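Mind looking over this structure? Questions follow.
Just so it is clear, A, B, C and D label the chains in written order, and each chain counts residues from 1 on its own.
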């Protein structure tokens, strides 16, 4: 059974159909991509998956359980973590504090424990710090841990977001345009990082991306959508040669993004 | 500039935990010994300042930590005060036994108002809390058990180990101890998993939610703990005043407490204490300006929001 | 920045310590507790003025027990919390007695503070009936209490042949107290209260209430609260065509009511504590007050003046500044001849004989109802 | 009075009250619609409007008398002055806060409200002012139902102002710009619309409508007080929410609905007038929880 199964997903905003009858699946341990021209509804799909939007119809099964109509934080707790298209760091907090947020759903001390500083609370705090530092080390930002998040370079801020998502100990990581705004070298590092996350940590990855080079290099399965509906699916080669895909991209205004 | 370099050196010196503890101990010692050298009037004023410190620290959890604007905080304070007042004066319950009841009632009030409304956008929440504050006051005004518009009178003074708490000095120490406790609890909470969760939610609700933090639950926590502070303060307020009436729990009272939180600096414990003292000392020290008090506070609040939104107390130093 | 603020606060504390720490060893020290700031500051300052005028007169004619009287003012701000601070301030200054008390709500919690210190307190204006129960025995109310006002009101209604009465208050301790007592008394006499309503402070539109009142056809409407919203009610009642009797309580005894309500107020009755204008004995008081403060005394000036004179008289009769002796002397007061009338006390330390008068609005002025 | 009379009288009362609420609610809604700011100070602008009107009327009463001509003149002046005050407030207090967190901007609005009401309190010494005019008590006497000419004129002028506003927003270029900014500020900037100027215009119009209501209230009720903006501010906010905050026809409808609700609400037996505010606040809270978009508001994207 696939880790993530989406079937007949539908979403509309005040009459406008944003996603229609979308079905796809992500297998355990793979890297999958969701692509499509601007405004095709990719981020909307992410928002449905992570519980930020409530779809009108369809099914989303994650790890064998339906996550439809679940609150975003419960979905994260179930093992699906995401990054945002526009950076959404906690700007005025330190890098380490940012990453610690990921551990929130894996720990449980409440107000009483915090006030009394019980033994279990102190152990938990130590665990939160060590896991967060591991995650930072994984993305190569451990030295920067005490800096304010918004003083970091753009590319580093992205990596903080990744570390933060990794700290939630996800089974599936959703990356929303991870390469946006990165230069050539940074993109190369990014590809290594994506592969390392899958290979070293065993985390399944689903990404949305405009950069076709990157998509083609890392993804084992690609789903192409346009106007909220699936137009093609398959490996990089299959998709690249699909006439519907070419038409969708060339017919769209930002065809220059492609290939 | 000489001034700023001195300030930096002071804050450098303050950085190690040890030095900060020294300062705190000295301050606590001074606060403990003050009653020996001042008269009743000054004592009464300082007692009031500690009382507002507790309230402001409680509201600070809601406004400063969780970033929720609560314009009806006096309601929680009222619930605590009335619960104790009614139980002691109408049912003859021992004061100390009323505290857990009063605190539970105010926490329950926090749950009732917070539960359904914390989903709302922040500006709606402000109005809802305002309305809730007024509703509590009007209920207190209209019920028989709360003594109607003239309130409850003749609330008994409590005793502890055979000592009746009746003199100003007794209440000074009661409120000082409560304020220290409030600081301690606030401090521990601020640096905990929950404290960080409040900060995450305040900075970016969606990102916090995506990180697996249930924003409604976290906000509700802030609300209920804030209400608890108000409830405790209310219990002791009732026995100190021996009489309570709905006029104490108006919208202006809520605004006053909010002012204390904003003046010193939202979310910062020393700032909030300074804010609370400023509230209480200002009308006593500048008596001639008494009727302009709220105008001056309003202007100061405006200036603070525009030029120094972090409040009077300096921002925590971070390595850049 | 911080150090400056800390300094400012420290200087402030020190300054207040110094001010209150000074002694007036050879004098008799009397505390004045009135609101000199806040919403009721006007009334409070008037009382303070009147008390100081009385003190001057006493000192000019030799003081008490051969000593001068000095006063110290505690501002209660018409707020219970500020009032306890003010009372503590007066107690720490070792006053031998206190005169004042305007807002009942603020006066209430101070009774116990003065009581614990054994300090006699002449309550000049505050007259909620709640004060009677809370009195530890050291406070003396020289303003007629709510009970007396109710008696005056009920007597007027009976005299005017009223059968059905509507009562409106403002939801605060003072006006609710008066409204409730009137209702109890009126229904106890076998009459009918057809409407009993509350108007929220500051709410301008009372048209719904007016319709409600009109539909119940009362013979009289009794407004027990303050002049500001009372004027609006009167105006809207008259505009809507209610032409029967309207009466207002002593909180509405202000020329402002007539100014705001305009000609709608013509013929409205008002129950009032004895204000200077209607006191035959107050001629000199008014003259001296105007000469000194360049304005006319307000509603509670005469009572505050009498309160101070009574306190001095009690000290003289006690023959010492011992607080217990003064309390005893106050209790034994027999027909003290004040400008507001003769003062004696009941066993509950309230005024034995009501000094309420009934006024009527004629041509934009309050007149004594004859 | 028969029941029918009561109903008719309360209908009239509710409509009059409702038109005041609507005028004030319009300002709330316009400002909220365009920059998503809950302007706590709006009720105080109503109060200041009343005082400015009073001041002008007492200055010119020697010239034009205190009848309709004088009142109209002072109303126009007050609308201009308070409109300007609204723009100044926006420039000083709100423009620097546009990118600040919501909490800060709400507290700023609260501070502005405190400064306005306590400033007027300091000037007037907290006293009530009698707003006396030469208007009589004459009116339409329909048996037991009575509507004074003053009431009639006020309702008609309130409706006129609202119609003018509606036409302005829907028929002029400025109105179109306002509606566009409400939808997407950044896009408008790209299209070359002077966004700041349009926002200032919105503040001007909203504030001057509040001032008009303030002067009308002064004329109608005959007294002014520094605290009078608080209650009406809350009521108008409720009206705006009932109608759907951000919607101009919604504010008008909400004002009327609230006016009628209050007028008939007090007539319900067994529920004393002392509970009235519990019901209006309770209604507001329930509405915000269950139907935050109001009667005419647009539904936002559903989010969990």
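What to note about this one:
Rule of thumb we're sticking to: contacts are C-beta pairs under 8 Å (C-beta built on N, C-alpha and C of every residue); 3 or more make two chains touch, one makes a residue touch a chain.
As the structure is a prediction and not an experimental result, all values here were calculated from the model.
Central chain by Cα centroid: B, whose mean Cα position is closest to the mean of all protein Cα atoms. Across the assembly, the mean Cα position most removed from that of chain B is the one of A.
The centroid of the Cα atoms in chain B and the matching centroid in chain C are 34 Å apart.
Centroid to centroid, with C-alpha atoms defining each point, chain A and chain D lie 47 Å apart. One inter-chain figure worth recording: chain C and chain D are separated by 37 Å, centre to centre, where each centre is the mean of the chain's CA atoms.
For chain A, residues that reach two or more other chains under the stated contact definition are 52, 71-72. The set of chain D residues that touch two or more partner chains comprises 125-126, 230, 272, 274, 277. Annotation for chain B: residues 138, 141-142, 291 touch two or more other chains. Against chain A, the residues of chain B that register as touching in their complex are 184-185, 188-189, 192-197, 199-200, 203-204, 206-215, 221, 225, 318-320.
Only residues 1, 5-6, 9-10, 13-14, 16-17, 20, 125-128, 130, 132, 137, 141, 146, 148, 217, 221-223, 225, 227-228, 230-232, 262-263, 265-267, 272-274, 276-277 of chain D touch chain C when the two sit together in their complex.
Across the complex, chain A meets chain B through its residues 50, 52, 71-74, 76-77, 81-82, 84, 88-94, 97, 100-102, 104-107, 109-111, 113-115, 117, 121, 124-125, 128, 146-148, 151, 164-165, 168.
Across the complex, chain B meets chain D through its residues 63, 67-69, 71, 116-117, 120-124, 126-128, 130-132, 134-135, 138-139, 141-142, 202, 251, 255, 258, 262, 266, 291-292, 294-295, 297-299, 301-302, 305-306, 309. Chain contact summary for the complex, chain C toward chain D: residues 39, 41-42, 171, 196-200, 202-205, 207-209, 211-212, 214-215, 217, 227-228, 231-232, 235-236, 238-241, 256, 259-262, 264.
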